[in-house]
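Here you go, one structure.
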């Protein structure tokens, strides 16, 4: 049976719609019920969380979770829609360890906050970087430079005079 | 001949490049700057000894092991059996910058890496040289538009030789190394001494 | 005339000093020179001059050997790896080590700001000088020995125990975590491998009854059944193996190169050194390689001795024996280089396990068995 | 005993020593492979993407190469009454998209990789250094 | 006894971090208490650049993600775009693609084994590995004109057909490679010191490995039979006879052996591809797959009748890259540029397992375990 339909049967109230995303079953769910559904998804045997994607649609954010089950060889896509003003969602770190870094990366580049994440810091860009680059309104014209502090930590500033030669 | 089937390796392009490094420096009017710098340090006195030292320096350039990105793999390939940079006495890749003479900036210098590259350069003992390899290190290259990439490593440290390519093939590396040897033979010290400013 | 005289007599000198004096005497130079000094009342100056000449020859020989070894190392590696190695500088790259040396002399000498300046400067000398001192009791050939100490073997082991201290000094003075870890590792390794090294050397001493290196070599002169040389390797195969492994560990080469271990600790205890100080560590490393191989040869492979060497004219023996000694030493060095290109590095605790749990019991067992068999009169 | 056999007979190391010795003596198709670059050169295959070359007659200066370049390496500049591309080699990806895009097949990539230079400015190859004339070559 | 914990910083420039990765290690003597990974030193903003380039202009950027094996990157992206636009690919193009993918898999594993041995202190293997890699790169250069960054696989096919004299050279390479792998095995696989360093080091149970998102050969060393080429067959893999190489020991040695087995398996696939290579066109339309079809201005768009614009939609497409599951999530809004490109890189996810794997081990073990995970920093930081 199609796992997306299965989820819809189990949680009729929290699934907005189901469909197919290029031959992968997809379910769009409400953001409040993500944790409950994720638990169920894990029970259903989807032990591999392949990917977390955050997309900025200017008026809203979408988060897409791609799951895979080694036992059943099945795919499942979960999609959650978030407000543009306050993008926040529950963390899946406790269920899939890989979500730790994937969520940190999404936080870093797209700027979506994950509630309950134990270590929600920037991962690719240094701490103190202004803005989230993969948002559509990210200002590319401002050059930000990194210099080294006393203990070798990164200090971000728009002034590169310490670093640049001339 | 059909333009499609023309063998591109046969196309010869007339280079208007100066023949040697010395010509190049004369061209750009930099040689007086260099001589002034060397006179200040009093090094012009022992020119024969200087030449011997320069010969030694160009013969044993020990690079520091610092690969940054794609070009680092070609740096490894340059050191490996088919191209064998050891022929020039350069196979001793020192992991510690204190013992190295030459730094290959091999790959993209990101904003986050830039201060560390600079620090690495400052840790090296004089005399030292820098070769910037690949489009990323030369000008930012493919990532010129990116928010997190420095647009050329020569913005932070002086560069002696630029090797274009993305990544340059090992022969191009060795060609660049030969250019640097040429430069050392004529001028000794590296870019910090007033060349390429 | 010289060779004729030496042809007739079976002459052997206790050390090179006597040999030089004999040669000078023979060509009739010693007496006049000595008379000059005598009239001035300073005969001891001549003695000092001769000793200084010996030392100068030794140092030049050591430096040339070290340079050749660096070149050879690079060429052997290149041979294994299907490439050429140094080619451009000099014929087949032979000038490469000279160039490296000159370049290192001309390089800036950095002392890190937070380092202990005095200790930092002192350490390379404490490493380098003992590495040369080990050459003193080495019998390079018949009569070719600087000084035949009657405690030669003890001297060698004692002197080689100095270098761990210097390494610790270097690692500590650099004020760098990698240096300190490298130094601690190196010291632990040297300490634990000196014991099996010494134990398996003692088994040799049981045979000779003397610590003098000359006695050890002359005990290995001759043959069994007319063709098997009387080398201790045939009496002490286990001892030889233990000594070889321990000495490779003493040299600090792959598979036991914890002093450096580039992939783990950047450059080990000399991470912070540059210029000539770094060159001293570098030279000391290769001096060690040579001297330790020479000790292996002296103890187990008969030193300069070779069957039927006594058939040669006596005047040629010092030279030929020197050649034989070099060939044997280079075989051991080549083996060390060959091994280096084949195996990866062991881990530090595995190294300790090997040293303490396996090699020391085996060395003790070897010693016990040797003593037992000697007492029983089997040998 | 089995433990000793497994861990301490060192047969594996002996095997490894034999293989390295075979390489050292160049036994059995294990030759020295080094190509000594400045003196010998490896074959550069016809498709190799090195320095650009522009056919002087064929180029119409349309600028398709300029827009097809992913990172703005190519600029169209005026040279001797006509418009030709100028390539900043120090920035180029050597991806070949400009060659694919050229409607007149005027853009080529040669096998020339010896491009190292001392200044960043000299890496900008203007039409004076890029143009070639097909008839002259053949 | 009172002891003090030592904080050691490995990297970002360190010989054995394969580029610019940084380990923050809390050490108790020689034992690692806690390992924290700091990365981003090679973050080049590829995903953002993807939104600024046209679909075809982004292909060269995929080369530079995992720069050791660029063909799989090319292919994963192109596959996503093809699925998005519904492009049919001729059979010959698919065979050429599989040929390049498998050749690149061998190259990748050669580099991985070489650098693993280099990290362990053996300098010979990397030379031998790169020697064979160079032969393979000659083939690549012959095929597409570049050694590492190919830009060869395009939507609808490949850039150019196989050149003359390619197949004999490929056969020579395959034949040569056979006994080279035997050499490697003789040199390292049986070596006692190597086994001491690798066996029972970096052990992680299969459940933990899955939870940490490990994929590819690294996961198959943990006894999980998971190969996307088998499970979600793409291209012409269903027609080819091969097996997924699995080892059950869950340690570094198993992960290494999977690589050796895979190289042999890839040679097996290559031999079949050489035999079965069909005739035909290398791209679906004359200029469809090979011309860059960029956003040219209207004046010249008469010359290019179609600027490549897939219909709006989203697609997640993944392949079995040499390092693991490589996926591209491409969102199109119907314009000439992708709206969003998200790269699921295998190195990034495999790396999450390292802190758990190395707790209680030593620095040399960290290096050994890290080497067998086979990480490329361009792929981690993107």
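We just call them A, B, C, D and E in the order they show up, numbering each chain from 1.
As a convention for this text, contacts are C-beta pairs under 8 Å (C-beta built on N, C-alpha and C of every residue); 3 or more make two chains touch, one makes a residue touch a chain.
Keep in mind the model is a prediction, meaning the values are calculated, not measured.
Asks: What are the chains that chain B and chain E both touch?
Replies: Both-contact set = A, C, D.
Asks: Which chains contact both chain B and chain D?
Replies: Per touch definition, common to chain B and chain D: C, E.
Asks: With contacts defined as at the top, give the pair, D-E or C-D, that has more of them.
Replies: D-E
Asks: Relative to chain D, which chain's C-alpha centre is the most remote?
Replies: Result for the farthest chain: C.
Asks: Give the label of the chain whose average Cα location is farthest from that of chain E.
Replies: Chain C.
Asks: Measuring centre to centre with CA averages, how many angstrom lie between chain A and chain E?
Replies: A distance of 24 Å separates the two centres.
Asks: How many Å are there between the centre of chain B and the centre of chain C, using C-alpha atoms for each centre?
Replies: Here chain B and chain C have centroids separated by 40 Å.
Asks: Once you find the CA centre of chain A and the CA centre of chain C, what distance in Å lies between them?
Replies: 63
Asks: Specify, in ascending order, the residues of chain D that touch 2 or more different other chains.
Replies: 8, 13, 16, 19-20, 32-34, 36, 44-48, 70, 93-95, 109
Asks: Residues of chain A that touch two or more other chains: which are they?
Replies: Residue numbers touching two or more other chains: 125-126, 133, 138.
Asks: Give the residues of chain B that touch two or more other chains, as numbers and ranges in rising order.
Replies: 80-82, 84, 87, 95, 112, 116, 142-143, 145, 147-148, 154, 166, 169
Asks: Show me, using the given definition of touch, all chain pairs that touch one another.
Replies: Every touching chain pair, ordered by label, is A-B, A-E, B-C, B-D, B-E, C-D, C-E, D-E.
Asks: Tell me, which parts of chain A touch chain E in their complex?
Replies: That would be residues 21-22, 24, 47-51, 53, 55-56, 64, 66, 70, 73, 77, 96-98, 100-102, 105, 109, 122-126, 133-134, 138, 152 of chain A.
Asks: Quick check on the complex: what are the chain D residues that touch chain B?
Replies: Against chain B, the touching part of chain D is residues 32-38, 41-42, 44-48, 51, 53, 55, 58, 70-72, 88-95, 105-106, 108-120, 122-123, 128-130, 132, 134, 137-138.
Asks: For a test of understanding, state which residues of chain E touch chain D in their complex under the given definition.
Replies: Interface residues on chain E, with respect to chain D: 53, 56-61, 124, 131, 134, 138, 141-146, 149, 151, 159-160, 163, 176, 179, 183, 186-196, 290-292, 294-297, 300, 303.
Asks: Going by the contact rule set out above, which residues of chain E touch chain B in the complex?
Replies: Counting only chain E, the residues touching chain B are 12-15, 19-20, 40-46, 48-49, 52, 60-61, 64, 67-68, 111, 126-128, 130-131, 133-134, 137, 147-149, 377-378.
Asks: Would you mind writing out the residues of chain D in touch with chain C in their complex?
Replies: 8, 13, 16-17, 19-21, 23-24, 30-34, 36
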